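Next up: the structures, one after another.
Here come two complexes built around subunit A, the first alongside subunit B, the second alongside subunit C.
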Partner chain A sequence: MDIIITGLITGSMLALLAISFSLIFGVARIVNIAHTAFYMVASYCIYSLSAKGGLNPVAGMLIAVGGVTILGLLAYRFLIDPIREHEAAVLIATIALAMIFQEGVMLIYTGDYRTVSPLIEGFFVVAGVKVFYQQVLTFAVVLVILALLWLLLMKTKLGLAVRSTAEDREVANLMGMNESRLAMITMGLAVALAGFTGAVIAPLAVLSPFMWMEPLIMMMAVVVLGGLGSIKGSFVAAYILGFTEALVVFLIPKGAFLKGSVALSIMILVLLLRPEGLFGISFEEER
Partner chain B sequence: MKRLNVLRVVLLASLLIIVMGFPAWARTIKIGVIGPMNFVQGKGHWNGAIMAAEEINAKGGVQVGSEKMKIELVKADSNEFLNVTDATNAMERLMTQDKVDFVVGGFRTEAVLPMQDIAMDYKKIFIGCGAATKSLCDRVAENYGRYKYWFRGTPFNDHYLVRTSFSHLALAGAAIKSELKIPVKCAIVAEKATWTEGMVKAAEATIPKMGFELVGVWRPSPVATDVTAELSAIQKSGANLIFTIFSSSVGITFARQAGELKIPAFQVGINVEAQKDGFWEATKGMGNYVFTMNTYARGVEANELTRPFVDGYIKRFGEVPTYTADTYSAILHSLVPAIEAVKSLDADKLVAFMENREYLSPSGKVKLEKDAQGRPTHDLTWGPGYLTSLGVQWQDGKLVAVWPNKWKAAPTAPEVTYKGMVPIKLPPWMKK
Partner chain C sequence: MFVARLYVKRLLTIVRGEVLVLPSRIVVALFFLVLLGMPLISQNPYLIRVIVLTSIFAILAASWDLLSGFTGQVNFGHALFFGVGAYTTALLNIHLHIPPWGSIPLAAAAAVLAGLIVGIPCLRLKGTYLALTTMAFPIILMGIVFALPDLTGGELGISGLQRLSNSLLVNYYIYIVTMLVLCTVMWKITDSHTGVIFHAIREDELAVRASGINTTRYKLLAFCLSGFFAGIAGGLYAHYMRIAGPSTLEVSMSFSVVIWAVFGGLATIYGPITSVFVLFPLLEFVRFWPEYRTMIFAVVVLLTLLYMPEGLVPWVRDKIEKQCPRCKIRNVATRKTCRVCTALLD
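Now for the complex of A and B:
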């Protein structure tokens, strides 16, 4: 039961980050290394607004998500869009962006660890396992956001445009969809999702300027395992790796620090057997 | 015309003499302070050094033979939490660009080991004020010619850290047995880092000999952001005592989540984050009853130097000094008296003097050890009458000292109680 609950919680957090990352990669072919850095910035915004500014936590979170989304759009417009055709340059530029965010946060807040109060304090017991209310809230929010995302992608014109562009950029362009504008909207959506992740994870985490690095690696592992650009794949892979981490901690207590390494090893194993990932499409030069 | 030329030559010569002599007038003793300056550990390094330098310079400086020289501090950010290469670069800069005379500081063993090598390459005295690994001083004994310029300033080495921790565990175990009337089941939770390896091994061997049942060992990442899985497993194991060995953010995460989940176990050990005034806020009050080793606490005196230093530090910086602020003692009580005694900045002469000294520092009496073969290690002596550190506990928002309180290192050893001790408290949810 411990493993199930821990796996679900960890998997949910990874799913939210990975799906938003997959979205922007699927549509605009942008490998946004700064993705988890946006989540870090959102967490610090929430800290500033609620813990320091005394604002209502929910209001603080909404403002933080909005602010980070605007930041993401500006970053896209002025940094990523001009070099979008050069994927290697985008990769390096987003690494640089992440480092800038990190150093900026370090200058303002120093490296001292910060925490944010949970939205709901306390815990309850299920099958002998203690679970934080905040963890359940996180899980519920993830499911709601995923449901909303599904509705957006499946039931709206915008969603149709996003899916079409993800499938074949050039044909979508020929059909009259403004691929560049869609990429920008998707970037905004992806960064907003990263911001939401910061909002729900911040009360559970310890904030530091380097907190974006660890989830980045796991998020990339999830995305690659699930198949680059596949949202369904990211969802499934997130829970696979989340459960893997939980298994490691419970079955190998002395090796709890290895949970990330074991999860990555599983990713490598799957890729050896299926290089495109669980739900990915084999890469072609033109799609 | 001829007279004018002679005048010009005389003026030029005078100017030359003045310029050449100028460095001698403005000559200072340059001390590099190296540490992770964006973190509280590095800030402690710098703040302690500043206090020492200001105190010395206010009295006119250091008497070096017939010359009075002021202390000039050079700040170097090692960034060692993130990148060891940054630390070594910072040390190289201190050596080659800043050309410091001495270095104090360092924190993470992984960074201090290469930094030590660099300082030894340049034969500069380096007083370590943060890393506990014993091997840093073993190097001095094994290769004295090269490593003799290294001295440990703080803390005492990991072998003594774990011995002190066992004393703390004994205190906590006795409280559990007497108040709860149950056998002690101990879990070890140690972050996965170089400095904890030896301590974990020693703990695994010793805890059963203390009459406690060892129920498991957990090794989370030093920067783990969620330890609920570990806490669930620990609770399932029936542990009522958790021996913690943390130096990084996992100390906050663990304390907070254990407090929130009301895990019925007493956390005792080393939790560097719990040594800081900001711990209460960081855990949102959930770190209540966490017990950790510390060097300083409000209102506690190891000797007559303790309160002036601690109170002065609190007045100046608004918080209790962490152990890394012992750069204060490294400069004021170790380096400067040595320089004044040998009347020189010569590293070899200073080493010969420093390694045989006994002196008082705010945390206790300092005496440097020799190993079993009689070789100098430049390591700190631990025990009653020397350095023991403190055991502190968070009790309702206050960090109070609970050890040494009628403590005996051995049955025949003298009892030690520092001024300002209060009784230990078990978490009330353990009593349900």
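Now for the complex of A and C:
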């Protein structure tokens, strides 16, 4: 039972992160290594706003998400957009950006571990296992956000534009969609989602300036497993890997060290059989 | 006596005709001379330590560039070869008491094997899939290392390795000469028939296959060569620090290699070497601001990439040298005509 709860929570968090990462990659062809760094910055914003500033948690969350989105848009506009043609340079730029965030957070908040108090205290007992209300809330909120995202992408015109740019950049440009503005909008959307994940997970996790590395690896494993550029794939793969992690941690004796290894081995095995990932679209050679 | 003078004269002609002609070659010659002559100027142990570590990482960065810059298979898991080299030489040295000059080549062979293990699944993958898969391998190995602490020493690693030699000076020369020799070998590889094929695979693999070249063999060869040199670097590192720990397998080590190589310029061997010699001392000498160290490093990298997106060395090279439009030979930028075919340089 513990396994199911942990699996669901981890899976939901990975799903949000992976879908937003997939969005940026699909639309703008940017591998954004700093994605989980935005998630970390949002968590720390929530921490300051609620612990030091004493603000209402929900308002704090909105402010944190807004702040992180603006940060992401600025970073994109000034640091990544000028060098978008050189993909290797963009990669290194995002790594450097993530390092700057890490060091900045370490300077402001020092390296101690912090916690954020949960929104709803208390727990209830199901089948002999404690389930915190906060965990249920997190899971419900993530599902709601995923549903909203699905609505946005499938039913609105903006979503249609995003999806078509992800499929074929040049033809979308020919059809009259402003491709660079769409890249900026998608970047803002994705960073907002990453920030939202941070805000939502903050009560459940321990904050430290290095907390962005571990979700980064798992998130990339999820994205690759699900297939780059495929939202449905990221969603499914997130839950697969979330449950695998939970299973490994709880069932295998030295599990805590091996959970990354097992998840990544599964990813490699699936990639051996299907090089595009589970639901990935195999890209034609882009010349 | 007469024969000796003849050879000296020939050497001088070659130096004047080939080396002194281009500023980049002058820089390379100066680099060799300065490194080899350093102990005559100063034997400060800290300086020696920085240079030795820099040269070890220079071999590592150059081996990454051999794989990812030339063959186009972006490898985010280079720390795997480094760590495999370090751990293998540590295990061989401690448990089987093989001296360092024997265990390091064996560690390189183990890293070549690791290269094959990584390379074979990656044959079908392209682009980001390849990058993320290669990133997975060191993490898997690190999990295994932590899960088997009796064999690998867990978090503390394996310590108590022998040095390569007991005198500071001889040690320095062994490392420097090894680095210079290996980097020259790598440069020769890229300048050869195999190197041209590697470059072609990166540009357009389909065309290479259509020309009848077995790209699978060459891609695996790239992985193995890269693993070989990185394994040597790992072994040298383990014997210099006298400890082989899980920090050699970390993601940040892989990322550092990628940063050095891309900062210096992809698809050149001298680019990553230069950038390691620029960035690593920078990181060391900013030590007097311990909180801001990594941030300054990251800001420097970010700003440089904004203005020199192809890398530091190609930018500098394009400023000081020009290519002749007719015979494609490089000339100093201040010349008006090409030195070989006397065409006008614009």
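The definition used in the following text is that the second predicted complex is superposed on the first by the 285 of 287 C-alpha atoms of A that agree within 3 Å, B and C clash if a C-alpha of one lies under 4 Å from a C-alpha of the other, contacts with A are read in each partner's own complex, and residues count from 1 in each chain.
Everything below uses one rule, namely that a residue touches a chain if its C-beta (ideal position, glycine included) is under 8 Å from a C-beta of that chain, and two chains touch if they have at least 3 such contacts.
As the structure is a computational prediction, the values presented were derived from the model and not from experiment.
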**Asked** For A:106, is the partner it touches subunit B (first), subunit C (second), both, or none of the two (neither)?
**Response** both
**Request:** Go through the superposed model and pick first if A:224 touches only subunit B, second if only subunit C, both, or neither.
**Result:** second
**Request:** In the overlay, answer first, second, both or neither for which of subunit B and subunit C A:34 touches.
**Result:** neither
**Asked** A:6 contacts which: subunit B (first), subunit C (second), both, neither?
**Response** first
**Message:** For A:265, using the defined touch cut-off, is the partner it touches subunit B, subunit C, both, or neither? Pick first, second, both or neither.
**Reply:** second
**Prompt:** In the superposed arrangement, does subunit B or subunit C reach more residues of subunit A?
**Reply:** C
**Request:** Name the contact category of A:45: first (subunit B only), second (subunit C only), both, or neither.
**Result:** neither
**Message:** Contacts for A:88 in the overlay, against subunit B (first) and subunit C (second): which applies, first, second, both or neither?
**Reply:** second
**Prompt:** So, does A:205 touch the first partner subunit B, the second partner subunit C, both, or neither?
**Reply:** first
**Asked** Which residues of subunit A are in contact with subunit B in one complex and with subunit C in the other?
**Response** 106, 254, 257, 260
**Prompt:** In the complex of these two chains, what residues of subunit A are touching subunit C?
**Reply:** 25, 31, 79, 82-83, 85-86, 88-89, 91-93, 95-97, 99-100, 102-104, 106-107, 213, 217, 220-221, 223-224, 228, 254, 257-262, 264-265, 267-268, 271-272, 275-277, 283, 285
**Asked** Considering the complex alone, what residue numbers of subunit B touch subunit A?
**Response** 36, 38-40, 43, 81-82, 191-192, 216-221, 223-226, 228-233, 235-236, 249, 252-253, 256-257, 260-262, 273, 278, 281-284
**Message:** Which stretch or stretches of subunit A touch subunit B in the complex?
**Reply:** 2, 6, 9-10, 106, 110-115, 117, 121-123, 129-130, 132, 135, 201, 204-206, 208, 210-211, 214, 245-246, 249-250, 253-257, 260
**Prompt:** In their shared complex, at which residues does subunit C touch subunit A?
**Reply:** 74, 121, 124-129, 131-133, 135-137, 139-140, 142-144, 146-147, 206, 251-252, 255, 258-259, 262-263, 266, 291-292, 294-295, 297-299, 301-302, 305-306, 309-310
